[in-house]
Amino acid sequence: MLIEPFRVPFMARALAELALLALVGGPVSVFVFVRRLSFVADALTHTVFPGVVVGFLAGGLTGVFVGALVAGLVTALVLTLLTRRGALSDDASTAVVLTAMFALGVALVSRRPSYTSDLTAFLFGRLLTVTPGQLAQTAVLAGAILMLLAVGARAFLFRAFDPGGATAAGFRVGALDLWLNVLVALVVVAAVRAVGTVLVIALLIVPAAAARLVSDRLVAMAVLGTAVTFAAGYLGLLISWTASVGHGIQLTSASAVVLVLVAVYLVLLPAGRNR
Amino acid sequence: MTRRERGISALVAACLLLLGACGHARAATSDRLVVVATTPEVADFVRQVGGDQVAVTEIIKPGVDPHEYEPTPADLVAVGAAKLVVKNGVGLEKWLDATIQSAGYHGPVVDASQGVTLRPGDPHIWHNPLNAKIMVADIEQGLAAADPARADSFARNEQSYQARLDKLDADNVAAYAALPADRRKLVTNHDAFGYYVDRYRLQFVGSVIPSMDTSAELSARQLQDLVAKIKATGTKAIFTESSLPPKTAETIARQAGVKVIGGADALYGDSLGPDGSYLEAEEHNTATIVAALGG
Amino acid sequence: MAEVSALRISYATIGYHHTAVLRDVSLHVPAGQTLVLTGANGSGKSTLIKAVLGLADVLAGSIDGPARREIGYVPQLDTLDADFPVSAGQVVLMGRYRRIGWWRPTGRADRRAAAEALDRVGLADRAGDRFGVLSGGQRQRVLLARAMAGEPRLLLLDEPFNGVDADSRVAILAVLRELTVAGTALVVSTHDLALADEPADRVYRLGEP
């Protein structure tokens, strides 16, 4: 009963995709949390949109992935530069970049007489139609993200906790910030196909926030974040399946996953008051 | 594991148990030919030709926009279990290929638009009854190939339905013959009636959504142009559609000083009525248009 | 006896981006001695320390000191986030990173040096506690242990007695004394003249600009 739906290939693939996203989302969300990058992460989900449009116009569906990647990396770079010397406050410059990029995407898209459901797919994801090839791509990207994260983790941690001390110790704070922003952008790109740019922000914020309610140790937070995300993926898919196959109620899988994730956070909220 | 971590695992397990207790997949047991049809129109055609020999699962329900659709788990299961998939074609169901691939369906796909003379980029072929006749013929061929034992039955059903389509066309021709030529001007919600306009030689003044799918919007300039055109041509009414929100149409009608036909009288542009009958929907369209433009 | 010089600043003008904050600074700290930097808030004490660390610009003159790897730094306590999910032990371990580089994993020697440093400031039993739950004085001692873990030749402390209770102050002064006996040079900044006398071998006063 709890396993049955996942014997069906497309459900198994959807769960595998979410498992990969949970694997990278847990640790990366912890760094987004301690660096207070939630707004930057949200900005990145908006700025991949013009990349998606340009990629689609240039190269169809495969172009979308590349377009999102380029847009994400460019944003990471621009945001890092803008906030480097505290030239503008983080929030203000971030807001400027995100609205400019999103408006650019809208302007590009509206030049076409009709824009298609392919683009809606990238706003809201197509979790159930992930192909084996796309799953492999996500796996490779997830592997790269985890490796880059592992190598930089200690430096990120020091910089997050004590930027002055980190600089004094010889760490290049600007380079580290760029590196972390790039990793967040990569997670957005990896997750875009499954849950869409609108919902991917949940994967970057809620896991660490929920884990922090329960633990104050970084590694535990990362592991819990991954576990919570995977559980939400499993339950969300199960709910979506049961609603659709058992009762004829339409409920998109991606939104079910995100709703479960938020529900887990709300359930844990009382536990966090004592920390 | 800390106590909190154990508590959470217990909570997750409890939720899973609760879910497991409710709902289970409906098993399909019947020896009828299992067909999946994408839109209400082709679904109706399949039912008419197949009769009680087919079990049809319709993916797009009446009133749902077929241009943008995300398949549900139930849809994917149905496609995976089908013996035959029938589609409208002409790029209407952009989501179908990914759906078929994900569901692991390897059987034949009937493209009902085979043999229809197309207007460039316009998938709404069924509004011309003569095209509907071709679609029905294609579907009958597909059904017979998938289930040769029942081919005779399919052929008989097709014949009687083709006669009804002929009657629909004749009735439409008569209805427009009775409408003065200078009144045969159509403004619709989106550009779905191209084939209908061509068949009955109406004048298409414009549409509220300037596109053949539903994801575009009029620019300010285009909106003013449309209002001007409506006034200049003396068009009497704007028609909204059952599967689209009517607000913009209502606004334009107010600005142009003409009636807006909507609500229960809205046209069936992308979809059919709740009873899922093609004939009824087309009859409703013609009656509504002729009444609004004539009166 | 010839003094080994740990830090020598000669006629230095110090500031940020071509704007001078301090002019004509000259001082000298031999190994094993403590220099106390005094002056009112805003007189440039932190800037001077940052210049030694390479975080502020030397616009004229020179600063001669040990290699960056051999300089330890204890920042002001209020620059750190008390909610951060990191333990006291992890904080002290951060002090080893400069020695081993950012990409190599910490080894047994690093963990031992960190444990010893934490022990010397009297907080070995709090290694697993979150940094933020410790008192102000305890946190300051942890930051001192972090700087010590890197085995520096020169230790720079920026207002280390701010917000620190009497017990912790006593503990810190005791550790500083041990360090100087072992040959480490210290630069301690403080705006509180009363505290200045205790550890000082020499005093450098920063006045109004």
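Letters A, B and C name the chains as they come in the text, with residue numbers starting at 1 for each one.
Criterion: contacts are C-beta pairs under 8 Å (C-beta built on N, C-alpha and C of every residue); 3 or more make two chains touch, one makes a residue touch a chain.
What you see is a predicted model; the values in this text were computed from it and never measured.
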Given chain B and chain C, the chains that contact each of them: A
Middle chain, criterion being Cα centroid separation: A
Chain of greatest Cα-centre distance to chain B: C
Result of counting contacting C-beta pairs for A-C and A-B, higher pair: A-B
Intercentroid distance (Cα basis), chain C paired with chain B, Å: 75
Centroid distance [mean C-alpha coordinates] between chain B and chain A, Å: 36
Cα-centroid distance, chain A relative to chain C, in whole angstrom: 39
Touching two or more other chains - residue numbers and ranges from chain A: 215
Touching two or more other chains - residue numbers and ranges from chain C: none
Interfacial residue positions of chain A with respect to chain B in the complex: 1-2, 4-5, 8-11, 13, 110, 113-118, 120-121, 124, 126, 128-131, 214-215, 220, 224, 228, 231, 234-235, 238-248, 250-253, 267-268, 271
Residue ranges of chain C in contact with chain A within the complex: 53-55, 68-69, 71, 73, 75, 79-81, 84-87, 90-91, 94, 97-98, 102-103, 106, 130, 146
Residues on chain B engaged by chain A in the complex (per definition of touch): 2, 4-5, 7-8, 11-12, 15-16, 19-20, 22-26, 67-77, 80, 94-95, 98-99, 101-104, 210-213, 215-217
Residues of chain A touching chain C in the complex: 34, 151-152, 154-155, 157-158, 160-162, 164-165, 167-171, 212, 215-218, 221
